[in-house]
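Common to both upcoming complexes is chain A, partnered first by chain B, then by chain C.
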Partner chain A sequence: MRIDRTQRGWAIASLIMIAVFTAVYVAYAARAPQGPRGGSAFGLTFGVIGFGFMIVAALLGARKRVPTWRIGRAQAWMRGHLWLGLLSLPVILFHGGFHFGGTLTSVLMWLLIITVVSGLFGAELQHYVPRVMTSDVKLETIYDEIGNVRKLLREEADRAVETVCGPIGVGKSASEEVLRAGGLSAARPMSLTGSLGAVAAAAETAVLTEEECAPLRQFYLSEMRPFLEQPRVRGSRLGDADKAHGAFSGLRTLLPPPAQATVEDLEDICDEARQLVRQERLHHLLHGWLLVHIPLSLALIILGAVHAVMALRYS
Partner chain B sequence: MSTISRLPELVEITIDGRPVRVAAGTSVFDAARMNGTAIPTLCHLQNETPVGVCRLCVVDTGARVLAASCVRPVEPGMKVVTNSEKVLSARKTLLELLMADHPSPCARQEKSGDCELETLAQAAGVTQPRFLKRTVSRGIDDSSLAIAVDHDACILCDRCIRGCNEIKNNFVLGRMGKGYSAGIAFDLNAAMGDSTCISCGECMVSCPTGALTNKTVVGTSIAAGSDAEGFEAEELLQLPVFKGVSGTFLELNRGAIVKRRFRPGEIICREGEFGSTAFYILEGKARVSLSAPIAHVKTQGGAKGLFKKLTSTLAARDADVRSEETRDRTIPIDASVDLAYGNPVAELGSGDLFGEMTCMNFYPRSATVIAETDVVAFEMLRNVLDIMMKNKSFRAQIDQNYRKRALENHLRGVPMFADLSPDFIEHLKGSVELQRFAPGQIIARQGDAAGSFYLVRIGFVKISETYPGGELVLAYLSRGDYFGEIGLLGGGVRTATCTALDHVELVRISGGDFRDMVERFPSVRQGLEAVAAERATQNQQRMQTVRSVPIDQFLSQGLMEAQSLLILDLNSCTRCDACVNACADAHDGVTRLVREGLRFEQYLVATSCRQCRDPLCMVGCPVGSIRRRNSLEVIIEDWCIGCGLCARNCPYGNINLHPFDVMVDDLERPGRKKAVVKQKATSCDLCTHLKEPSCVYACPHDAAHRVDPRTFFSEMLGGGSSK
Partner chain C sequence: MARTRTTKKLAQRIDLNYFKRPTSLKRAKFWLSAGLPAIALVWIAWHGFARDSRVYSSGRMSEAHAVLEAQCTACHLQTAGAFSAKASDAACSACHDGPLHHAALTNTAGCATCHTEHRGRVDIVAAKNESCAQCHGDLKTSNGVRSRYAAHIESLQNGHPEFAPLRREANRVRLPTTVRLNHAIHMKPIRRGPNGPNVQLECGNCHRPSAASPDLTYSDGRYVTATVSYGNRSALLPNTGILQPAKPATGRELMAPVKFATACAGCHLLTFDRRLDLGVPHDEPKVVHAFLIAAFSEYIRAHPAELREAVEPGRDLTGRPMAANTRVYTPNQWVASRVYDAEQLLWRKTCAQCHELSIRLAGAAPPVAPWLTVSPEQILTAPIFPEIQLAADPGPRMPHAKFDHDAHRGFACEGCHLKALSSTETSDVLLPGIAACKTCHAPGPEHAESRCFECHTYHDWSKRKEVKPTFMLPALRTGGR
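Here is the complex of A and B:
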């Protein structure tokens, strides 16, 4: 979620609340004979408010599980999550009088701090990373489809090279075989016998001699195809845009004019493969922090409830 | 004068030193042939007039130049040498020249090894011609279903032209162009499939090379099951419906038509299945029906109960009235009958043809056909059906069946024609004309004089208007739709161009009959005028939209035609897929949204139905159940059979298939029912059952928005007016 002017209402409300809570706390702390304590009336009030904020913030996860329920727009829930979650930290600090207390309360305080900080970090990431992804990954695809798109890129590159060099000895997928049969598939049978097809098969004519295409074949099989198969492995110069451009420029000088268009296609394919790597990394960055934030939030709520019961029952 | 005096005079000549006597007027070629000397030729055939264009039959007659023996008559005392060094050298040069202009091996040589040119060239030792090969292709013509035309392989011998004109008297083939662009042409240089060619096969039989080849060589045959009976061409020609069909064609396409016998209760074809054949019933009766539930997908639950789970159910139009839902009483299918909405069952009998659209256009089967009695039927492939439909006797029978059985239903299926009197329908039965159009053929052009009114019987017609800089598709019309009324009721000028998208058959009502109809039946006139006015207004509004925002990119993507787009602001979107999950939740687990699509700056136009300018989804629906509302939104009518063609046709993946468990009649055990999964096509319904689209409501990052594209993009592009 972007932190922009649309958040102004929540920001002002939060500032007012924190100002009020601070004023109350200062007044209460100044008058408390033994200093501020969690068990006092003010302390308990802060505790209830802070825990309430935490619960409301945590309910966002539950809200997302029922997206069609008309219980307020998810956007409002997200804003509430962000600002109330943030407010819960000072309120809980007021609740404990800035003391971490015993073991359970110390654990709770640290959990709260880490959860809020991870949430702030996540909010920051969600503010910036989408923009970076939009500008850097022009050919973005659905994250779960990246594997498939990579496979298609590999097949496309194989075809491009085979068009000028002839067979390069790599296996073909079933979908490629269909394509080579002139696009004839079960969906559009020409006859019930599975006709040989009125559509000509895709050309496999080599336009270069073996000697002419040797540099291209060598480059493709030894460098580019391994890169397309495992683009995340570091070390390949094709993983770096500048180095890849240099590599392709060098290759162009070794090849005759009929192969230049193919080299251009291959360079585009590498570029797309690089973009997919970038998308994956950004996606992990964008969602990876949740691996910390969500379990800690859950633990916080459970332990917070335990603390509340124990404090009220045994105090 | 005695008979003997009228006999031709005999002439004595010498061929390769051997004296021979032949009748005066005999060609040197025939004189040599009759006396056992074979002279090679390409352009000459015994049963065709010699023209001497290939010059390969040159012989030395002692004159200054070599003579083409096929056109040179014998003269008394002529000394003919057919195999001197000079003659052989000339022939070899000619073969080299011809081979330089001929792809080697050509289709015929490749398939059967009997290209006459290549055989002669090999015999003469011509391997690599000394002359440069042709660099500019003259092209191929694959439009005919029976014959493949490779203009590059044509050596301009004219044998096909003479076969077509002299032997068959069809006068379809001729020569066109000069020099390098010279070639054979069908009619006025039309594509063979679009010409008046009846595919008799004479040209193909005459052709010495692979320029005209039978498509059988690429495997046109029906899978012959145990119940299939093959034919000899003579046997078929005995049947009245095959009267006039070329025996050559049937001989060459043996296997592309079989006779099948079906026992009572046996399924002939099933709705939704893809196929490539049509059936013609010779004997017996068959029942044609739809097993898909006649209902549409309705999502319920959200509006009333806060915590109620949304469910999708099937609802008939009486149970759930949708805006602008058609009230058609009949369902168009790929046969000579329509089915009733409430009881989609009809009977087919002897002389009925069904599966024509499947066969000609490869659309899915529109209905299930089951034999009621013992049924004998011809099953035929596209090339045979095409020829049959060009055959007068077959056409006459199909037309008669249509006029007798379906025309009235067809007319009455159009609500405004429901008031036509029986006598006028009878009159129309005799006066309407059935017209066929090939894919891409223009039926009526914008600006032309309007002379007829048309009902679509088979296929799809594209209605489009041209405007400066482009074309706007107004509608795709399918079986049961009509057009031409605006021009006839208005200024007498066509306001749009109507083009056949596939193999189209139209019922043409002449301008005179149309005028009679609107004069005699005021309700028809009022109805037509109302529809014409409505269409004209809509078209004007669309044109206004197009003109007001002349942004080519948006136009080409169809975005400005959309009324509501789902836009994702990628700078805010965290790719959490909450929108997709919400859509799936709102539609019983079947999402109607994919978070992928076109990008404009930081905005992603997600794949959710956007009511395209050119709604390709509507093309091919075998039962015509997908159409636009007047508001342009897509509506899927109750009789969708769930074949999925619209989903495959949608270039943006915006149509999905929603499975339902339903009880249907068990076709294998009559009288019993069984549970099966049936599918219904669905597209984004903007969550009309809820107050706000679920995708937008569920986005936690304020990234998903439903927008009016005109306003949105106008503002995005710098505050341009969206008026």
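Here is the complex of A and C:
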């Protein structure tokens, strides 16, 4: 969720709340004989408010798991999560008088800090990553399907090469796979209008001689197919758009005209594979912080509850 | 012809059941979300099974109580069946049974009101000013009697009155004094000293803490070793009726009373006759009188020729010298005459330089000068001794505060006791004002401690009760495990 003008109400309410809390804390800290403490009346009040904010923020997860709940709009929950979660940090600092205390309370403070900071990091990414994704990954697909699409791209490339060079000996025939998949894959022809039907239905007949095809076969088997199998491995020049363009330009000069359309398709497939890598990386960036944020926030809620009970017992 | 993509064809690439297959990211999120809270719970449970409650501590304990960190139950007493294990005053009193500040306290809050634990390795005795200001900010008494202390003190900087002796002096109320001392004269260069000319006294020549060896630069060994009949206190009288600090005094806090033997005798000789290179004892008049009789008796036994005394011839009206005359004394007459002369000298000048001497005769209301009361004939048979008031040491000038000169030993005396350089009267109060203290003692990192406890004591530790030992080593260090 982007933090924009639509959140002005939440922002103003949060600013008012933090101003009130700060004023109360300053007055209370100045008059507290032994300084601000979590066990004092004011300290306990801050603790209850802060923990309440945390619980409300954590309930977003439950709300997402049960989207049919009619308790407020999802957007309102998300905004509450953002702003109350952010407010919980200063309120809890007021609760402890900016002391981290003992073992459990220190763990709690660090959990809260990391959770809030990771949340802020995630919120900031929401402003940046989607824009980059739109500009850099024009062929974006569903993240969960990237592996599958990548496999289909590889098969499409196999078939394109086999179309002009004949069988290239990469396991089972691409055409067989296409048939087995029932045509719900990229192996289905995307364009049947090409001169040679580069990505047309699998053609068993080679259009180039063995000698003419040698540069393409060698390039494909030694460089492009390994790249399509493991595109995230560094070192391949096909992973870089400029270098890849240079590689394909060089390849074109070695091939006769009938193979030029195939080379163009292969370059296009490489470009899509590169974009999928980029999408994967951006997706990990956009969602990876949740691997920190969610587990730590759950631990924070559980340990916070333990702290609340035990603190009431000992103070 | 290049590849072409249509939405339909792109859609065909997608497995419609893709969301049923967890991705590595989803799997990691799930396992981390389940694992981390589980680890947290196991951690807490492990401490619970180990009966180790330290994990719940709200902070490290103070320096004084650091040894109890593994022994939560030392303070957090739990009654049977109760959930609460709040630290109780009873636990504090088990070791520190200090009496209350005053009987007329209105605020009898618990120990933790002023002494907060679990705030790290701090000095738990160092209560904040706000603790004291809870009462002293608006002082009231439980019995309704108006307190004689300032009623609105928040801190040293806010509301603390000037020191009482200085307030009294400002109101021209002076304590009676018995010894005359002019600080101004003593602090200027002195032309003649015992060891040569141009003596410049320093404060330390006379003023030393009780526990320090006296400076003997201006002492006289005979007086130092002599015993005296009057009470010769070498240390300050103990303060009675005021709050005593918990720690014993080192003897270096306050200056010892100045003694004649160590501070004065080097210059102020108590000689009494040119025949004898002796000084009278620095003692009561009757001791001095006995000493004089003994000294002169011994002298005349050794020098019987001096019983015949040539009287200085006079001159007649024309200025012509008269014939020399002689007078012959009996030994008793000679001794009486010399004692009389010596006492006249002592009572009139030598002793009177510092002491007030007076004699109260029966029937005579005002005291009379001692040298007018006896004749040489009576001096041996019916002596009358003047009264000399003992030097009255008023004790600590600030009985409700503690001050440690030793902590300030690096500072020149006159920097604070500025008036010592110009004081001419013993009754002058040379105590530095509170402004001098505030020069250094102020809030902030570049200043010395300025909180109330630095000078004042809350509990009267002189009335503490004996404590029954509670803890046993090494079990205390291991929490009983």
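Basically, the second predicted complex is superposed on the first by the 283 of 315 C-alpha atoms of A that agree within 3 Å, B and C clash if a C-alpha of one lies under 4 Å from a C-alpha of the other, contacts with A are read in each partner's own complex, and residues count from 1 in each chain.
Note that in this section contacts are C-beta pairs under 8 Å (C-beta built on N, C-alpha and C of every residue); 3 or more make two chains touch, one makes a residue touch a chain.
Being a predicted model, the structure only gives us computed values, none of them experimental.
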Which of chain B and chain C A:M78 touches, first, second, both or neither: first
First (chain B), second (chain C), both or neither touched by A:L60: first
Chain A residues touched by each partner, larger count belonging to chain B or chain C: C
Touched partner set for A:G101, first chain B, second chain C, both or neither: second
Partner chain in contact with A:R37 - chain B first, chain C second, else both or neither: second
Touching partner for A:W69 - first (chain B), second (chain C), both, neither: first
Contacts of A:Y143 with chain B and chain C, given as first, second, both or neither: both
Partner chain(s) touched by A:Y314 [first = chain B, second = chain C, both, neither]: second
Overlapping contact positions on chain A, where the chain C interface meets the chain B interface: 141-143, 188, 190-191, 193, 195, 198, 283, 287
For the chain A and chain B complex, residues of the former touching the latter: 1-2, 6, 60, 64, 66-71, 73-75, 77-78, 126, 129-131, 133-134, 138, 141-143, 187-193, 195-198, 283, 286-287
In the complex, chain C residues that touch chain A: 1-5, 9-10, 12-15, 18-19, 21, 23, 25, 28-29, 32-33, 35-37, 39-41, 44, 53-60, 72, 76, 83-87, 112-116, 118-120, 127-128, 130-131, 134
Residues of chain B defined as touching chain A within the complex: 142, 215, 218-223, 274-277, 302, 306-307, 310, 362, 381, 570-576, 578, 581-582, 585-586, 594-596, 599, 602, 648, 690-691, 694, 697-702
Residue ranges of chain A touching chain C (in the complex, touch as defined): 31-35, 37-39, 99-105, 139, 141-145, 148-149, 152, 183-186, 188, 190-191, 193-195, 198-199, 261, 264-265, 268-269, 283-284, 287-288, 290-291, 294-296, 298-299, 302-303, 306-307, 310-315
